[in-house]
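Just below sit the structures, each encoded as structure tokens.
Each of the next two complexes has chain A plus one other chain: chain B in the first, chain C in the second.
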Partner chain A sequence: MAKLAVQLSKKKRTKYRFQKLKMCKKCNRYSVMKDETCSTCGTNLVGIESLVKSILKKRLTTEAIRILLIACLGIVFAPTIKTMYYSISVGIIFCFSYVVLTSLFVKSEYFHQLKKLLRTDFRKIQAGILFDSDLAKADVKEERLAAAYEKLREIGDFISTDRLKIRRVMVLNEIALRSDMELELEGLIPSSYDKDFVKYALEVLKINRTLISKKCIAYFIHYRDAIVIDFGMDSLISVAGTALRMKLYILEFSTFIEEFLAYFPKERVLRLCNIIQANPDVEWGSLKEKTMSIVTKKYHYDPDFKRFTIERERFVSHV
Partner chain B sequence: MFKSTVYKKVKRSRNFFMLLLVILLVLVGGKIIMAHEKIAAYEEAMRLFRSGNLVAAEKKFRAAKRNLSVTDHNQDINQKLAILSPIREAMEDLDKSAAKYQEEKNLDQLVVTYEHWQKKMRKWVSGTSIQQDMYGEMLVLTKLDQDFVGYFSSIKKTQFAKLQKNTINGEAEEEQIFSILKKIPAEYYGDDPAKTKEVKTVFQQYYAAKIKTLTIENASVAQIVTEGNRQFRMLTKFTIDLGWLINTLDNHLLKVLTTAIDKKEYAAFAEQANTIRNLSTKMKDAKVFTFIEKAKNDLLVKAKSLTASNKYEDAISLYEALKPLENTDQLIENANLAWDQFEPIRVLKRLYPTKEFPSFVNAKNKWGADIVIAAISKDGGIYFGKLKGEEAMAVTEGTLDGTLEVSKLDFDSSFSSSNNPVIVIDAKSKERKHHYLAYEVRPGSLVKILDVEADNLTVESKQVLVVDNPVGSGAGELASYESNAEGVYRFTKIKVDYVDIQVSDITDYYGKKVRFTANAAAKTNGGALVTISETYNFTTSRWEKTYVLLKGQSEFTIYKTYTVIGVLNGYENISDDNGEQVRVPVFQVEKVE
Partner chain C sequence: MYSIVFTSILVLILLWKTYKLLKNKRSSGHFEEIDDELVIMLNEGDSIG
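Up next, the complex of A and B:
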């Protein structure tokens, strides 16, 4: 089945994830979508920060009104004109003082209000995200894969369940991935073996090796047997080759690399040799020995490896 | 799931409190305005109070008191109102009540209101200067005094109008009007004596007008007496002078009775007099009673004299008329007895009440009775009655043969061989001028002794009658009728009653029945002219003739000779052959042979 060629938009990035939360004042529904208008009623969505500010403003107004109410009651029940004017004066002073004091502590009050809002409306937020998820599902059904993926991507910031991850992976597997796409991998790693994920990871590996993170390599190692069954040994060799990307990964997965070292292409072996040579102080263990052995056996005639073979001979002679 | 978001809760809470605030702000605004109004009202009230405008000040104080927004100056307001309000309220209440009672026409309550006002007024007028001033102002404002004047004047006017227009129905209403007028305080009449005088005057005028109306309308004495008695009773009840009523009634009734006497309306007089006797004892000295006694006695005397002059009907009528005044039953009985004897047909009519007696005749002191009467009833009965003293009438009755149209009825005992009473009837005949019948009264029956139709009937001698031109035997002649053994009259012979003469002797038999033969020379003056004599006058060289004019038969043919029976009984002027007027004897022809 041919994959669809789509254009994915750039992911909006915020300092904090909660900043992605929006709410429709009309529907009282939260959303994490990038959309600026409510998909139900078309009203402009309000960001969580603006919402908190608005709530804070209303709280302040309400409190001021309460003070004024008490003052009004005082005026209404004032027995004489004098007491009536006392009530008016006291009410105005109290109200003014409250506004001034609250203004002084407005920042802490803002955060307090934010925290309270997130806690209180937790279920509402959940329901909102679920609604978003349903929208994404609908998009998938109608083969609007880019929109669906973008929705799932936004939801993924708030929900990291295997189900969602696999749903995202399945959508991505339907798309013809390109290197200009803003892809991610580590965030999609499920907690158990998933064939689609492995498929996607191998696809990503072809496009952008840098996305293969330590966690991803560990996943491949952990489910290597299943992967070998489903995708063959080459897939593991590719992943092991990707582990050579960073010195830390080489050290971390030296055993895994050693296992497939013999199947590495020249370029990968050359890179490993370069890294090992560049870091002579690092304890490479048996990896170094095995690497040198491979070089000696397979590339001793290759001028690209000459410097490593000379070095080895010097070492051996020294010894 | 159903819980609202924090934002919504906060918004709702703010809106709720905002709404409360708006409501309270309205209340606050209202309170501030009202509080200032109260202070303004109080200050205005104080200014008015100081300037002596107490009613307006009281109004403002009340307005300030009604304003409960604040309690400022309440003590002062209450203090001022405690002085001013009772007067205003009482005056307004009095004004309102008075108007209401006036509208409801509740005089009792109106008078109570008036007395209440007077009581209050005395209290306030003798109170503090503020009370006096407040009362004065309220009086000017409510115009209570003028209102009361208006109300009571209106009531007075209405009641006076009722009395003047005479639109009152019954004593109850009169008493009510008197009561109403008495209830109106004396102040509105002037003073107590003026009130009494005015009320008495208007009632006196009212009653006088009523009597006057009755007299003008010629109301019956009964009505006047009834009204008079009613007025006596009412005037006594109202303690109003009666003298004028006594004089008015006395004069009028005297006039009425005098008129009745003058017009000889005795029954009316007696009725009126009797009615007048029912007048109140307060009239006992009135002249009318003396007049009644005198007039009654005069009328009794007159009735007696009428009886004596056989004017029984008039006498009895007078007695009957005087019945209401006097018991005249015995007098009427005596008069009736005398009348029966004078007109015995009345007795017969009483004995045969179903019969009518168109023809009757009576005679006195005959055949052993004081009065005898013969009568023929309409149904063909013939009756003979004898009346003696106060005894019942002895009647003998019979029946006529056929119906008769009686012209005359008479007694003639000469028809009877045994001097029994004989009733002679002269009836109308179809064939002759008269139909003569005679019935002899024999013991227990009436026997017809004569029945002849003729032109005339005369009694020639005892039991011999001369009948002129009877039907049957002797027709066209004078016939003699004589009684046979049964006393019944029968034709006996023809009777001649004229003298045969020459026409030239006619003037010698003036008024006597004669027969002569003459030639009718000419027709003139509705008769035939007969020449008696003819002589030549040499002096005048003319033939002078004497004539007799035959009349009584229109069909005379001139130059024809007639034998006529008749009577010379007059003269007439005719024109002779010379055209001169001559006076000729007129012979009334009874028969042409």
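Up next, the complex of A and C:
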């Protein structure tokens, strides 16, 4: 089946995840989507921070009114003129102290209110995300893959279940991936073997090697038998080749690299030789020996490898 | 007498308010903690997917 060419928009980034939460005051529903209006009633959504600020403002206003009322009652019920003046002065000092005290603790009060709101509205937030998830499902059914993926991506910031990861991967497998797309891989690694994920990872590997992280390579090693059955040995060779991206990865996965070294293309072997030569103090173990023996066997005639073979010959003759 | 009672009530309110504000300040932490707590709560039970 032909993959769909779509344009994915850039992900909206916030310092904290909760800042993505919005609420429709009319529907009393939360959403984590990028949209500024409610998908049900069209009302403007209110961000969680504005919501907390308005709740805090309301609370402080109510408290201020109560305090003013107490001060006023004191003034009204004063038995003499002298005590009335006294009550007015004390009332003013009291109100002023209250305002100063509250403004000193406004930051911690905001934090406390936010925490309280998220805890009390937790079920509502969950229901809102579930609603967003249903919207994404509807988008998939109607083949609006870009919109569906963008929705699932936003939900993915809050929900890290395998089910959601696989849903995202399945949508991505229907899309023609391009290097200009803001792709993600590490965050989509499921906790067990999944064929769709491996298919997606191998596609990403062709487009952007830098996304293949340590965790991803470890996943391929862990499920290597199943991967070989579903995708053949070439997939593991490609991943092992990608492990040559960083010195740290080479050291971490040296046994895995060694296993597929003989099948690497020339460019990968050359890269490995360059890294080994540039870091003579590093303990490469048997990887160095095996690399040099492959260079001697397969590339001894190749001018690109001449400097490595000369060095090896010098070393052997010295020994 | 009236002045003493009135002043005492206002001072008590102020002390109570200070206590509440200090208690909230002590229990407040970093926004990262709120983020983590929210994610943990939402992922409980694997209900969304």
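The rule we apply is simple: the second predicted complex is superposed on the first by the 287 of 319 C-alpha atoms of A that agree within 3 Å, B and C clash if a C-alpha of one lies under 4 Å from a C-alpha of the other, contacts with A are read in each partner's own complex, and residues count from 1 in each chain.
Here is the rule we use: a residue touches a chain if its C-beta (ideal position, glycine included) is under 8 Å from a C-beta of that chain, and two chains touch if they have at least 3 such contacts.
Small disclaimer: the values here were computed from a predicted structure and weren't measured.
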| item | value |
| --- | --- |
| Which of chain B and chain C A:122 touches, first, second, both or neither | second |
| Partner with the higher number of touched chain A residues, chain C or chain B | C |
| Which superposed partner A:162 touches (first chain B, second chain C, both, neither) | second |
| Partner chain(s) touched by A:81 [first = chain B, second = chain C, both, neither] | first |
| Which of chain B and chain C A:96 touches, first, second, both or neither | neither |
| Touching partner for A:23 - first (chain B), second (chain C), both, neither | first |
| First, second, both or neither for A:62, with chain B first and chain C second | first |
| Residues of chain A at both interfaces, chain B in one complex, chain C in the other | 78-79 |
| For the chain B and chain A complex, residues of the former touching the latter | 1, 3-8, 10-11, 13-14, 17-18, 20-21, 24-25, 27-28, 31-32, 35-36, 39, 70-72 |
| Chain A residues touching chain B - in the complex, by the definition given at the top | 23, 25, 28, 30, 51, 54-55, 58-59, 61-62, 65-66, 68-69, 72-73, 75-76, 78-81, 84, 116-117, 120-121, 123-124, 127 |
| Sites on chain C touched by chain A in the complex | 2-3, 6-7, 9-10, 13-14, 17-18, 21-22, 24-25, 27-29, 31-32, 34-35, 37-39, 41-43, 46-49 |
| Interfacial residue positions of chain A with respect to chain C in the complex | 15-18, 67, 70-71, 74, 78-79, 83, 86-87, 90-91, 94, 97-98, 101-102, 104-105, 108-109, 111-112, 114-115, 118, 122, 125-126, 129-130, 133, 155, 158-164, 167 |
